[in-house]
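Common to both upcoming complexes is subunit A, partnered first by subunit B, then by subunit C.
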Partner chain A sequence: MPASRFTQTGNYRVRYQQDQTIFATSAEQASLIVGVLLLLALPLLLPKTLLRDVNMIMIFAVAVLGLNVTTGYTGLINIGQAAFMGVGAYATALAATRLNLPFFLAIPLGGVAGALVGTFVGLPSLRLKYLYLAVATLAFQIIFEWLVGHLPVLAQGGAISMPTVQVFGIRDSFLNHNRFWYYLILPVLVGLGLLWRNVLRTRHGRSFIAVRDNDRAAAAMGIHPGRAKLTAFMIGSFYAGIAGGLFAYFQKAVVIEDYGLHTSVQLLAMAIVGGLGSLPGSFLGPLFIVALDRFMGNASEWLGAQNIFPQGVDAATALRPLAFGLSIVLFLMFEPRGLANWWRLVRLYFKKWPYKF
Partner chain B sequence: MELLPQLLLAGVVIGSIYALAALGFVLIYKSSRVINFAHGQIIATGAFIAFALTQRGLNFWLAGLIAMLITFGLGMLIERVFLRRMVGEPIISVIMVTIGLSSVIEGLIHLTPYGAGNFSFTTPAVLSGEGLSVLGTQLSRTQLAGVLTALALLGGFTYFFNKSTLGITMRAVADDQMAAMSVGTSVERVFALAWAAAALTAAAAGVILGLMSGLTLGGLAGIGLKVFPVVILGGLDSVVGAIVGGMLIGVLENLSAGYLDGLVPGGGTREVFPFIVLIAVLLLRPYGLFGTKEIERV
Partner chain C sequence: MNKLLALTALVTLSSFATAQKNTTLVWSGAITGPTSDAGSSYAAGVEDYCRYANAQKMLSVTLTCVVRDDQYNNANTQRNFEEFVGNQNVPVFLGYATGGMLQIKGVVQETKVPTLPASYHIGIIDPPNNGYMFLPVSSYSENIVALLEWVANKERGAKVALIVNPSPFGRDPVVDARKAAERLGLKITDVQEVGGNNLDNTALLKRLEAQGAKYIINQNTAGPVANILKDAKRLGLLGKMQFMGAHYTGGEDLTKLAGDAAKDFVWATSYYMYDEGDQPGIQLVKKIGAQFERKADTIRSVHYTSGMLAASIAIEAMKRGGKTITAASVYKGLTSMNGSRAFNPGFTVGPVTFSAKDHVGAENLRLLQADATGNFKAITGAQRSKMFQLVHPLK
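Take a look at the complex of A and B:
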């Protein structure tokens, strides 16, 4: 047991065993337990309208985790993450409505569909780099939107409604919808987060970083850059597919508008604001962007009522993109490492407390 | 066969606007290796400034000219405030800054009364007369004027790059920044100029497009996406490529609308065909028709 059970200052490790412990102090262990309990109790504490946003944040966090694998870790700019989400959502919808599969099979199927399509779209990455790849994913995004809009199987982009889900005798209904899905999305998010952390600790994860930092050097060291890039695309779009499946069930319907270019840009913004290539950032980014959007919606409603703007101006359509764009630009200019860096600084402060260094 | 010449002509008309839009894009990429996702929004800004000026009772031609001058300054300002800090940052950051800027500009346009509506210029008297008959199809005077203006601007810039000292300086910076700096060129000034010139051509494209097919934010900003197939086909860093690519994409788009729409349920191949061309070009010839091929050795 460490000398101080509350802070790490003053604890010296003399054996490897001590160095390898997951929890350095009992305070850390306690905070984890409190955190998990808080997460489980959250639906009981929050008002219903906010819980809806929390669910959205969690679903986006799954997609951003995937985007962080491709863009944050491997450096492949992906402006088509929403399209991969869409692939997952439509695959899930088809599996659920045509094949009558239950949701715990349909959602993973969506993930696999996303991964397959993602690997295929990632194929140009074998020859192309940086900008060209960004443009290739952008093209895929646009072709995807067009294709869905023209396929009768997919209701030509119109709404495909999802069947109602039942787990352990509890039915998803109008009354408990947000709570019901909160408890279904939370374990998926935690599980995929743990998977993310561990995949990046393997040799695949290390080869991603090597390819991002310098792919020629990586090739010289014996890493196959093409294979690393394709693996990254596969994992990233698998996450997107799962997020799409969850989103489809949560929204009760699949509509093409949810998976447009705008959503792709939003996901990229979440990854950037949270901090590229970091686990806490993948949660903080969606939290920030969804909260900002919500706040600007409310603020512009209030401002609109004050008659400040000239006739014919809808404050919400003006202020929301303005705040969204400004937050991206300001983060990139002043805090390129994103909110994850602030989180790191806060943690560092408590680690060193009561000393400053 | 009435259809083919009609499609070809319509393609050339819209293609010249694509070329003009792509020119601005190439100008920025050529000098500073920045892909500008906000180009469509700058096009819209230029068009709406001109429109706002004509609303105040200004002559159309004068309004267009002033709009181009204002966006010239605006481009310089954007480079100065946002892009200058990003020199040396990873490409993803630079791209995201321009994506963020596109959102900011769109929000700002929505703050004016021009964000949501559908407007059109009052056509100047010179352009409202009888059109010209080419290859058995009618070409209106506005279309003709648009193509001629676009070609004049494109020709002017090509001449500028090949003959003037400033143009050669910009090419030198594009070629090798380090070398250009070491012989005393101000790279910063070149970047600012490239952004300013790009914004100027964007405003011109916006005004021409507004004159031909009306002013909506979505329609004008949408040109920003059409630029990608054009520049990938022509080559990201080639002015000639922008011109040829613009015309080719314009023509291909119209041909697909004319001949493929009947085969596809729902039609609308016009929107997607350029992007299919884009993917094909990326797979076969990533540096485009006229782009510089980058050679890598491990």
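Take a look at the complex of A and C:
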């Protein structure tokens, strides 16, 4: 047993049951509750435009969670996560506009559509690995964009407007849009985060990690690597589908440009910067990339106003893509474990602070 | 209590009075990212005309000009719209890309803030949610139908192929083009999609040649079209095939990229060209460009003129709307631009007219043809497509 229910300065687990708990100490449970309460109060503290960024971060976090399931935890490189998001978004849009389903049914349906397509796209993973699998998922990304662009039912990639949502008599409008969706996205993100945390404790979660570390050794231990890989693709693309459905409603329309290759690269960058194969990294990565983009946008606007660059050079506006690329390279070089490792170090420091031995 | 009320009224009035001293003109578009070649010149046009309007004291208030790079990212466009319309109450929004504009249609309708895109996609002003979207010039669809009419006049029953961008921007006019071709007695042999990565178009052009297509209409941006023209020249097809295109295919951008392969390219646009120095609008473009020390390439670009047109329409609408500049007054100002009160800044081949039902500004267009020096010369007068009204009646 830990020395204290509230703090833990070492590993005191002696039974498998203890090893499988989600929260090691009461402090972790308490911090989660406090964190969620703070998150609930956030819209009251933040300006409206910043809240929009927070919503984007949360939606991307759902997609990055899914990407972490496939790439981070199972080691299956996936460059088509935006396409899975797109499958979810278009499925949600069709469910909402053609079948007139309410959003709380349309979004899960988007997740299921994403999962089904993801499982199918994951089939090559039974034979392919590493770069070859990356190319297979990239192929799906390209096929998806082509397919949407040619299907009249999907407006050939043009806008499919989403219906306006109403919850408990409160209608989504321009004035309350960000706050309205914040309170809808937050529980979905927390729920899916907890769900994944729970899946990790099961034999499925452990088999994903075993397959990632060495699939032959995993097979020798009785794990079915193919089943684990397909399950990982199914869960990962389910998360992407849910993110796509949320994004569709949040953006008020589905347009193919939102689900292109650049979004897939962005999601992968978020996963890398956050820390592949880490739950906190799935939140920190989107936070970092969206905040960086916002900061660089403001910086470039300020620089542009100073008239210090010669005309036509556009050095100021190039800051955003430059910062994006540079951040990925620097993280890969100096902190391949991502921001999650910094989070781990901070927690480690406070475990020992103030020197309780 | 009375004192408190009086103080509140005073503060409200003074803040109201302060608000009337300034207003903001905002443009959100791609200065970086895809299509930034057009976007950067467009941005310069918006910015410079806005500064010029301030210098000329066109309005009784000071204009704050904001040019935002949305990187061709729809989410950034939405964020900019929310930031400026929601938080700063800007009375008019100048947008850019097709996707972003289609995506914000619902919000524009809800907020009733007049919005002028740089995309001339007809779907932007098609119902539903089309009350506050205004196209500055004729649509891509009308450009293409006008080109088809020109082909039909030259050669009845001619075979035509369409090469379009793989995006809503490219694909949307295809339906109207097909309908118009059928009515005009033309045969559309093929519709091919070509993006910006078309390094070798040999197979495409050979396929079109085998089909007997003599007229090739492009709905694309200048880059891919230039590559097609260069390949057509290499294959000796330039004399056999007549290449044509809608607004974003042509102009200085095309001749700069394609060189002499652009010769004879037929282009549909509503704008005057840089070398038409006798036009008051072009004189103004040159004057403003020189005043703000823009590079020659920027001033010569038709997109610089396009940016100026969008800004000039917005500023004129602000002027016409009354003393207090609000979204409602700008809408009133915009929809007053018709009949004897049509707005003619001289950038386009006809005046800008809007009403509650008419959401296309400069409806006239011309067909121009590139000569050996790379300049586009008008081969028709200012006109409207007759067929377009029939195949795409605007509501």
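One rule holds in what follows: the second predicted complex is superposed on the first by the 317 of 357 C-alpha atoms of A that agree within 3 Å, B and C clash if a C-alpha of one lies under 4 Å from a C-alpha of the other, contacts with A are read in each partner's own complex, and residues count from 1 in each chain.
Just so we're on the same page, contacts are C-beta pairs under 8 Å (C-beta built on N, C-alpha and C of every residue); 3 or more make two chains touch, one makes a residue touch a chain.
Everything quoted here is computed from the prediction, not taken from an experiment.
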{"item": "Contacts of A:Ala253 with subunit B and subunit C, given as first, second, both or neither", "value": "second"}
{"item": "Partner chain in contact with A:Ala318 - subunit B first, subunit C second, else both or neither", "value": "both"}
{"item": "Touched partner set for A:Gly149, first subunit B, second subunit C, both or neither", "value": "both"}
{"item": "Subunit B versus subunit C as contact partner of A:Leu175, first or second or both or neither", "value": "second"}
{"item": "Larger contact residue set on subunit A - subunit B or subunit C", "value": "B"}
{"item": "Touched partner set for A:Ser161, first subunit B, second subunit C, both or neither", "value": "second"}
{"item": "Which superposed partner A:Trp343 touches (first subunit B, second subunit C, both, neither)", "value": "neither"}
{"item": "Touching both subunit B and subunit C, residues of subunit A", "value": "146, 149, 156, 311-312, 314, 317-318, 320-321"}
{"item": "Interfacial residue positions of subunit B with respect to subunit A in the complex", "value": "35, 82, 85-86, 89-93, 95-97, 99-108, 110-113, 115-117, 225, 228-229, 232, 236, 264-266, 268, 271-272, 275-276, 278-279, 282-283, 286, 296, 298"}
{"item": "Residue ranges of subunit A in contact with subunit B within the complex", "value": "71, 75, 77, 124, 127-128, 130-132, 134-136, 138-140, 142-143, 146-147, 149-150, 152, 156, 216, 219-220, 265, 268-269, 272, 276, 309-314, 317-329, 332-333, 336"}
{"item": "Interfacial residue positions of subunit A with respect to subunit C in the complex", "value": "47-49, 52-53, 56, 146, 149, 155-159, 161, 173-175, 177-178, 251-253, 255-258, 297, 300-301, 311-312, 314, 317-318, 320-321"}
{"item": "Interface residues, subunit C side, partner subunit A - complex", "value": "31-33, 40, 68-69, 71-72, 74-76, 78-79, 82-83, 85-87, 97-100, 102-107, 110-111, 123, 128-129, 166-168, 171-172, 193, 293-295, 297-298"}
